[in-house]
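What follows is a set of structures to go through.
Both of the next two complexes hold subunit A, though its partner changes from subunit B to subunit C.
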Partner chain A sequence: MALRAAGAGLRVWRAALGSGGSLLPSLRGFTAQAEPVEEEVIEKKGIQLRGAPMYLDMQATTPLDPRVIDAMLPFMTEQYGNPHSRTHLYGWEAEEAVEVARGQVAGVIGADAKEIIFTSGATESNNLAIKGVAGFFRDKKKHLITTQTDHKCVLDSCRYLQQRGFDVTYLPVQKNGLVDLGQLADAIRPDTSLVSVMAVNNEIGVVQPLADIGKLCREKKVFFHTDAAQAVGKIPIDVNAMNIDLLSISGHKLYGPKGIGAIYIRRRPRVRLEAQMSGGGQERGLRSGTVPHFLAVGLGAACDIAAQEMQRDQAHIKRLSERLYKGITSQLQGVVLNGDPEARYWGNINLSFAYVEGESLLMGLKDVAVSSGSACTSASLEPSYVLRALGVEEDMAHTSIRFGIGRFTTEAEVDRAVELTVQHVNKLREMSPLWEMVQEGIDLSKIEWAQH
Partner chain B sequence: MASPAEARALFREFLRLSRHFGTSYNIKEYVRRRAREGFREAAAVTDTAELAKLWEAAQQQLAVVRRQSVVYDLYSRRHKHAMELLPKERA
Partner chain C sequence: MLARAASSLLAQASTSAPLAQDFARAATGVLLRGYHKNVVDHYEKPRNVGSFDKNDPTVGTGLVGAPACGDVMKLQIKVDEDGNIVDSCFKTFGCGSAIASSSVATEWVKGKAVDEVLTIKNSDIAKHLSLPPVKLHCSMLAEDAIKAAVKDWREKKAKNGGQQQQQQASAASA
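Now for the complex of A and B:
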């Protein structure tokens, strides 16, 4: 190793001093980290991995698109100004870049640039939308509506408001994960200020009927907020056609950077809300704090690329997810797709494997980076609250695995993931006494288990 | 206007650069797939103004790929990707 490193160093010297040709090839020998080593075993957390696992967890986060990094780098090096500085070039060029990005974010959801506020991510956007609207109308309107399958940060913001005297309705969802519009209409009261329904569910990938909900809310004169972190750039969204009043965006779910997001706030008719952050009054006073311009540029570039690539991405993702689903279900019995089979974003396939313990399967699939549900709750052994809201039986909710497919997933990875999943499920079932009983034709639901 | 030979050379340049990108298996594969798709789509275009625009866009994308292949090479992982360790006939 040491010899090789020395050799690489020498080559860099020689190229830089002598040849006079392009410096690029010589840079390749001059890496910040060590070159890939020959032995390929990675040891982390007590397990051994052969090579970096394939990444099929696109709902947790997505890799940065190299085109996004390319757009960001100039603002991480030379153009480091504060976008709010008004007296010199550094500020002007940073502000210009932020405004271009604002337009790109607006473009992907059919909004106007003036309606976009940069935040730190979708969690902050959701907090701002829910607490902000509820706070502004607190004198006249005391009621909010959300769904049981919404994201933790939406539910938690609602809990916070409940402790402060607000009334919140947590709508149940149907077995397929979708909101019942009749139930929603019944839940809206004269003192309802806001309805918040997630666009694409992070755990099961179902797409809520946004246009129908938007129409209903507009008729009843209630503001409609949607957490679209998993939806923007992946499915077509038009805030005007869908009558959306507030919409949350996350950077790192659409191949952009972490630490940046945005919220769309409608201007006509105007949505008033209370800022949650006090300070210098940036972002029209709604979100004080210096806008991290290189992150904003990254989010803008990611939105722009997503808009251009949407059709290609959708076709690629649909093809691969069908391949994954057919590959697994054609070789295994007792596999259930959670959530509606039609109204879904295909990059998210949440499957339950009967008679298999989910954690054991996840441990077995160490060469595949997947999770049992959301990353936020993946530390606990509790089954997902989303699956429970769907009425999924406890045992099936415990065995769910979420396969996330994205722009950079390859067909070979999907084939390998199918192979490994089938192999491990079969192995675990061979060890399972329950599976043996099912094979013998015993109906497990009819058994009366003795109490100990 | 670019000749067919120039177009083929540009395509080959995308494929050549796609091999860099450090240990990022997925990015390498994407650059290859996206270049293939882009050139296939462009082959169906007959309008000269549209073709000129596509040619310009491809040049810009090539510049991005050239810069980023260096960045990814500089910061590559110490270990290869599992898919690149599979036996060749399967990968």
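Now for the complex of A and C:
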């Protein structure tokens, strides 16, 4: 393992150092097409692998774009100053780099640089948005609204507030995973301070009607926050056109580094919120702590690249995900795409395979790095709460696999993933008593199962 | 569901903070991911996958679990005149550990007398496969499947057979 990691590391360095300006063609897919490590068997968690599995879990995290590493490197080695140092060149150049990055982050969502605050990631941004706004308006407004399919960190922040006397509405979603605007309008009360709705769902990839929600919130004079960790740089977002007041960004979901994120906070009309971190008052007093400037530079570069290449990325991802979806559904029956088929980000394909249990399928697909839902909940044996919120039957919710396709995914990987998925689903169905009963014409819903 | 019970037990044991259950899940997740080589072996090369005719009087069928819980196990035994299990097979909808547990169960019951297999304990299966606590319900399901198969065979035998067999059956279950 150590050997393999070292080898991969060297490749990255060679690639990053030995290239000039136009390194895109030569490096396209360098992470996804990791050179096969020959004859070396990796044993991890009791499973033997030959070489690294192909990576189709882009919602969990994405590889760093080599261009992002290029942008970051000088700030780790030569220009390592503290961006808040005011007395010497090191500080000045670091600060300058952070400000350039701030502009790049603002650019991808149509915001002003002054409206961007760097954080450690989308979890922190979500915490700051929800607890910050709720805290600031606690005397007059005691109510918040979110959806049942939002990210754990949003739901958990809301639960935290509930324990401290706030009132939270967890809106149900429709069968296609989208918020019902009528229901949302009905849920807004005079004492509602914030509506928080995720832009692109991390588990099923549906895109919420942000512009409609924003318009509604503006009309009702309620702040609108969106967790856009899975959306920024992938679908067009304009905070002004969509009337978004707060927006959370994550670095590592858009080919940037881990450990950095940002939050957009509208200045006109100004959104007031309570800082959640006490300290030196960095980031306009809203997020104390030294800004990790090389990470901020990485996030800025990642946003810049994503903004420039969004159309190409989208076309590439759509083509591959259609290839994956058609490849699987043309060979297998009983496959259901979870979430709306139209309003979705195509880099996320969440499929339920009837009569096959998800975890056993994942175990079979050891050469494909996919997951059965979000990485945060994959430790639990419960079926995904997102799928449950969609009204997916518990037995079907146990059978889901999420395929995540990204900028560096190749056609060959998709074809291999299709082949392996079909092979293993067929194998497990041969082994499945449910599949057998269905073939015999037995209606499973009529059976009285002994619940364990 | 046993898994739920297990995680809530862990939660109570560790702390009573509101998020304890989540933490407990995260902790058990570490165990969840690692598979013992015996589990992988049985998952990749499951023994005795298949089905017997469930209307055959010499066949006993045990169907346990529920799709909503993520595990359904069907274990069948074929029993000869002397009450010995001559063959066994399974089909399982469930995780790798559930598949491995049922695969092991079919191996262990073959060649044994029906009374003898009732002594197979879930703990033996769990030990053989080094199942982590969150997966213990898989081995329990396998034990239940064996018992259900034997019960089914006995019921059929009682229905079809003469008085003598009935007495044997009731003596055995007593």
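The working rule: the second predicted complex is superposed on the first by the 409 of 452 C-alpha atoms of A that agree within 3 Å, B and C clash if a C-alpha of one lies under 4 Å from a C-alpha of the other, contacts with A are read in each partner's own complex, and residues count from 1 in each chain.
In this text, a contact is a pair of C-beta atoms (placed from the backbone, for glycine too) under 8 Å apart; a residue touches a chain by one contact, two chains touch by 3 or more.
These figures come from a predicted structure and were not determined experimentally.
Contact with subunit C, but none with subunit B, is seen for A:Met431 once the two complexes are overlaid on the shared chain.
In the superposed pair of complexes, A:Glu219 makes contact with neither subunit B nor subunit C. Contacts of A:Glu78 after superposition on the shared chain: neither subunit B nor subunit C is touched.
Of the two partner chains, subunit B is the only one that A:Asp70 touches; subunit C does not reach it. When both complexes are aligned on chain A by C-alpha atoms, no subunit A residue touches subunit B in the first and subunit C in the second. For subunit A in complex with subunit B, the touching residues are 24, 27-28, 30-37, 40, 42, 49-55, 63, 66-67, 69-70, 73, 312, 316, 367, 407-410, 412-413, 416. On the subunit B side of its complex with subunit A, the touching residues are 20-21, 23, 25-27, 29-31, 33-34, 37, 61, 64-68, 70-86, 90-91. Of all residues in subunit C, those touching subunit A in their complex are 1-4, 7, 18-19, 25-26, 28-30, 32-37, 39-40, 43, 46, 49, 51, 63-74, 91-96, 98-99, 134, 137, 140-141. The part of subunit A that touches subunit C in the complex is made up of residues 45-48, 156, 159, 163, 355-357, 359-360, 363-364, 378-383, 393-395, 398, 430-436, 444, 449-452.
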